[in-house]
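Next come two complexes, and both contain chain A; in the first it sits with chain B, in the second with chain C.
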Partner chain A sequence: MASAQHVLLSPAELAYLHSSLSLTPPIRPDGRTPTQFRPLVAETGILPGTNGSARICFADGTEAIVGVKAEVEKTRSRHDDETVFVEGAGDDGEEEETDDITRTGESDWIELTVEIPGLRDDDSATAFLAAMLSEALLADGGLVKRLWINRRFHWKLYLDIILISPPLSYPLPLLSLTTHLALLSTRLPRLKSEGDEDPFFDDDWAAAPYLYPRQQTATPTAKSAPRSPATRPPITLLVMAVANNILFDPSKEELAVADAALAVSVTSSTRSDENDDGDGDDSMDVKEKKGRNLRLLSIRTVDPPSRLTPPGVANSSNAAYGVAGNGNGKATEGRTAVAEGEAVVEGVWRAPRGGAKRAVMAALVQKALERGGVVDEVFDALEGVELG
Partner chain B sequence: MTDRRRINGPVGATIPPVFEDTLTQELKAVKKRSRPPNAIRKMYLKTGVTPSASGSAYLEIETTGKPGVSGLKLSCSVHGPRSLPRSSPFSPHMVLSTHVKYAPFATNKRRGYLRDPIERDLGTHLEAALRGAIIADRWPKSGVDIIISIVEGDQDRETSKFQGDEMWDMMNALSGCITVASAALADAGIDCVDTVAGGVAALVQESGDDSTSPNIVVDPIPSEHDKILAACCVAYLPTRDEITNLWFKGDLPASEMELYTKMVEKGIQASRHANRVLIECLTETIG
Partner chain C sequence: MPITIIAPRPSRPINDPEDVVSDMSYDSEDESTDGGADLEGDIPMKSSGTSRSRGPRLFSKTDSDIVTPGELITSDPQFMRGHGTYLSHSQLQQGGDDNGPQAAIISSVAGTLTRTNKLLSVRPLRARYAPEVGDLVVGRITEVQARRWRVDVGAAQLASLPLSAINLPGGILRKRTETDELQIRTFFAEGDLLVAEVQQLFGDGGAVLHTRSLRYGKLRNGVFVAVAGMGGSEGGGVVRSRRQVWTMETAHGGGPVDVILGVNGYVWISKHVETATSGEAEAKTGITNMEEGVSATMYSSQNDRIGVETMREIARLRGVVTALVENGLRVDEDMVTRGYHEAVEMALVSADGVDDIYLGGEKGQQLAATLTGR
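Up next is the complex of A and B:
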């Protein structure tokens, strides 16, 4: 597990870190607030040979590059009811009408690979990261629908995620944010052909539409602006709990004392709900100011590396501090008694045992999905990135 | 690499036409969940099936009683705790390694002999679920291998057109893996804080009904439901009331957090049911 990489902290340091993170408010080693992210540098469109690309560099020196490439692929025909219907129906008009309805995609239209230096590509940690990122992309089925060209052809999207630096911290948030930006900047050539004929594309790259169409951001008050469904690619956040505190974007050292850690994938959509269907644009604008319509896509427990940290030895059972003086046989006896009795001495680090309480798990998810909370801030910040 | 020296067949596989049969039509119509929404399927659990391993268990979950629907059959063996090889660095805890492997014939699509990313992913989930349960600091400098082979995956052989089914099947497989591995760990005599068991709950939508509100079912079989909106798999320690692994997948509006909470609750309920079987099996072995 990538999260289980060795942290070079002594039991005393771990105990100190744990107690300072359990204070209210918690004191993090780098002075951040519980919901604050590490500063990062982001840019898009850095790779000219791709359909979309992005690079993010965290302040701690971890850096990732994502390239998205698309290829036209023939859709595997299956003997479904639909195919039979298409062959039987000769009416062109009817077919075109059903086009929008039958736009479906399959999960193997997206191929995602993760490369982390120092890890084999068949390592289970890499497989876990790749599965988590692709699971979020596929969960709502919105992305694969966009890859549909016509009944015979579709786009196949290759997402190659490369961590350039050594994994100094658990790379999940970095990789997820980079993938998000790369997908936002992805453009596919404009389709010129019609219907089910072999696809033929416009060679003008400037006319290529974005994979995730955006709203007219210049003047949000302009009523004439066509409002496209601004669904955004998902992001995956790492949230961890220490005692009663919930911390976002933990660094490697913080993760080493976590009681529980979760990876939560969310996406945002401004698709109108039933309640604001009848209202005009103004109410939508108000809504956007308040917060987005977040959708929960996936949650995974990340095995915190704190379970693998070395335990401390209390003075009362330490042979160097006079326990041995009581008698030759009693030193070992005392140690085993402590080990079995599991007395928790304050300031002596013990790796957490057991799982996380149900309430803690619920609080982690609740905090991540809060309206106007961290996720909104992250989405706002990512919107500020210029798409080249 | 293509072989250019010989005359090869076409690259793309051709699919023979399938003619609809009235018999299969009827069978498809029967497929509906017959259990109440909060009941899991019956399961059979036995420990100590592999004499050479230090602990082992076998789990079988019943079929739905219809032809063509196979149940889940899992076999788990635990090797260790044994000393780590000399080359490995010092570890103050027991080093846990989990392997989950589908047998090549376990699913509709044949699996290879090498573990694919899905199986590795399952192994990581299982490791997270078990690591919370075992008391690892009692065995420093030692390692334990947990090997699970899925002899029969829980897949409907008739429905090949549902491609999305596979990802929901993984949840059921994982919950079975957690339960069987927990039994095998107990059989091996490795100290645990509690017996951990897996449970699955899903949010399903039936298109046949006119009521549009989705409902939550426990231990879902994907082929029995028209559409699964979301599912979660929970590994739960009943006496400590703690969750060691939580895996949620689906598409749920963040405004409907009660639905999510209810799903986790149902998953815990399913896990409690499985745990009862586990406890009964373990007491039977002792008595």
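Up next is the complex of A and C:
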């Protein structure tokens, strides 16, 4: 997908940034290590009228708010009921871990709107962001499965994602992390009715179970409460590569010199014992001893703005260079050199051409899915945010 | 630790009494550019304000409170309106006060109320850079027009740089020709960074820049960082000072590094390049020769070879500047130099050694605390 707005940087800046990021280890302009994220401020439960909400503020000043509203909806009945309610034996290997009735949900049970200030609702950038975010949420069907109330009713979730600052950098990771937090803090009223009768809920908000139960408090509350393993909502992270370096959470300037950029959606299930007996789905499972199971949900290549940057002019072909010393002779000589072939001159910016190398892409994904690695710690940190 | 998530803090009270005192103690000496007016609000008004003023607004609020645009400050006729306020007659009629035609002072910006004797002004919380003649600014070309460039300097309007106000290659005495107009992009193109001086101001606040000096021109070999400049006065930022440009020797073999603090808050940190001026051209004597020698590299967009150590120290300096701003400290030569040495010391004791150049978050706060001695 197309990347964020055009960044205006001079060729000299771009050349400097690219060469400093290509070093081993890379020197990032703000001094972070390759895997380090910018510090962020996060809080949940900021909107009293929602089922769950969160606010995240990045250090660069971008800020997003996500609110989750739930609504009871009657499930459309189908002629062939059996396809909707698959009793007991799930044909999907991953679903066998739930001893409950395994049922799949429908993707239109989640409605997601993204609002970016200064962009229209139907702007392609907004539409792409919404598509990428909902793709991550719906990819494994884990979220919609939790939305069953009983056989006849389900919850419909409305996710309103609002960026409340101008999009200073590519806002996908920010929106994704905020959505993750909002879903973590989402609570649905406790069901009082039984069976398939019309749902009737407990008024006591304090008794309402979380949509994603916390690990410690994963008590089987109501019948409707999902008792699946403590999986977590997916997060989408931006990972970029410059030369052989892989950088997480790139800033706007860094993205402007990226050779390749990927939006990687990852989900996790903390239960590491009984997983993936049969790999029915094509998602990748990474198994090791410690940490969480990270599952890759989707990858999208992001077209980095670096491709649109203007190239620098080498001194040899610069008409305004060296005129003082030896007249115009040097300038004309330089022009022929350009015509012959654009040799790579050190210190002159050249926009990257061609696609990303396969090895680089593989390394990017590998790094993102590393057990106990960066993404793991991001999940830990997000879980550490106090739910208010 | 790849990620740190901080719980939101309650917003810091603006004009924290302690802050004001400590900031002002060294601010007030060199603030001669304010034309004698006290922009900082450091006159202790807490005691006098409450006892003498009769305006409803002044009574109810302390001086550190924020006023918003359109908010009534006072209707007391004894006060004069200052910056950030305007007089309104309609406001009173609304209030149902019929003491005759009396003007009320209304705030026109969001900021803190400042009182200098009978003068009421509102200091904006954030504001764009307001250019003044003689300011050294760092700007970025956003538009190329027929005979001039439009330059983003962080002001409300784009500044303009006429083709006649730059040093043309081939010596200062050369006349501007049509050829120069045609190849205007070979001097500056969109996105290029330059350091210039404000030459002239238009009535509407727009600035005209010039680069007719050896010190000015295109920037290369370094990194750019935008912080708050003059105007966004609450908290930190670049302030006008005696020296906006200097070369400093860096630690760990970084070599000399140039720092340019644009008054507009745009900062450029680059490797120091020995120009022809100091080398052979000086030996050849003659002012014009010197000009010619410099102008050879003046419009180059090719970086020189920069060592790893230099890049690391440039990144460290950039971190110092951002840390100063994030913690509400002013950015000038003294603070940057002290902050840099402090950062070098901090890196020595840290686990990663000299390679540890990260100065965000807690480390930045630590740095700021050491600098202010608190």
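Quick note on the criterion: the second predicted complex is superposed on the first by the 316 of 388 C-alpha atoms of A that agree within 3 Å, B and C clash if a C-alpha of one lies under 4 Å from a C-alpha of the other, contacts with A are read in each partner's own complex, and residues count from 1 in each chain.
Definition applied: a residue touches a chain if its C-beta (ideal position, glycine included) is under 8 Å from a C-beta of that chain, and two chains touch if they have at least 3 such contacts.
On a predicted model such as this, the values are computed, not experimentally measured, just so you know.
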Task: Give one of first, second, both or neither to describe whether A:59 is in contact with chain B, with chain C, with both, or with none.
output: second
### Message
After the superposition on A, what does A:41 contact: first (chain B), second (chain C), both or neither?
### Response
second
One more residue to check, A:310. First (chain B), second (chain C), both or neither?
both
For this session: Answer with first, second, both or neither: which of chain B and chain C does A:29 touch in the superposed model?
Result: second
- Message: Going by the contact rule set out at the top, does A:266 touch chain B (first), chain C (second), both, or neither?
- Response: first
Discussion item. For A:369 in the superposed arrangement: first (chain B), second (chain C), both or neither?
Written reply: first
After superposition on chain A, the chain A residues reached by both chain B and chain C are 309-310
In their shared complex, chain A is touched by residues of chain C numbered 1-9, 140, 142, 169-171, 183, 186-187, 189-193, 218-225, 291-293, 295-306, 308, 311-312, 315-316, 318-319, 322, 355-361
Interface with chain C, chain A side, in the complex: residues 8-13, 15-17, 19-20, 23, 25, 27-33, 35-43, 55, 57, 59, 248, 309-310, 312-315, 318-325, 345-349, 374, 377-378, 381-382, 384-386
Given the complex, residues on chain A that touch chain B span 1, 74, 77-80, 106-108, 122, 124-125, 127-128, 130-131, 135, 138-141, 262, 266, 293-303, 307-311, 339, 351, 353-358, 361-362, 365-366, 369, 371
Listed in rising order, chain B residues that touch chain A in their complex are 12, 15, 17-18, 91-93, 115, 117-118, 120-121, 123-125, 127-128, 131-133, 135-138, 161, 163-164, 167, 193-194, 232, 235-237, 240-255, 257, 260-261, 264, 268
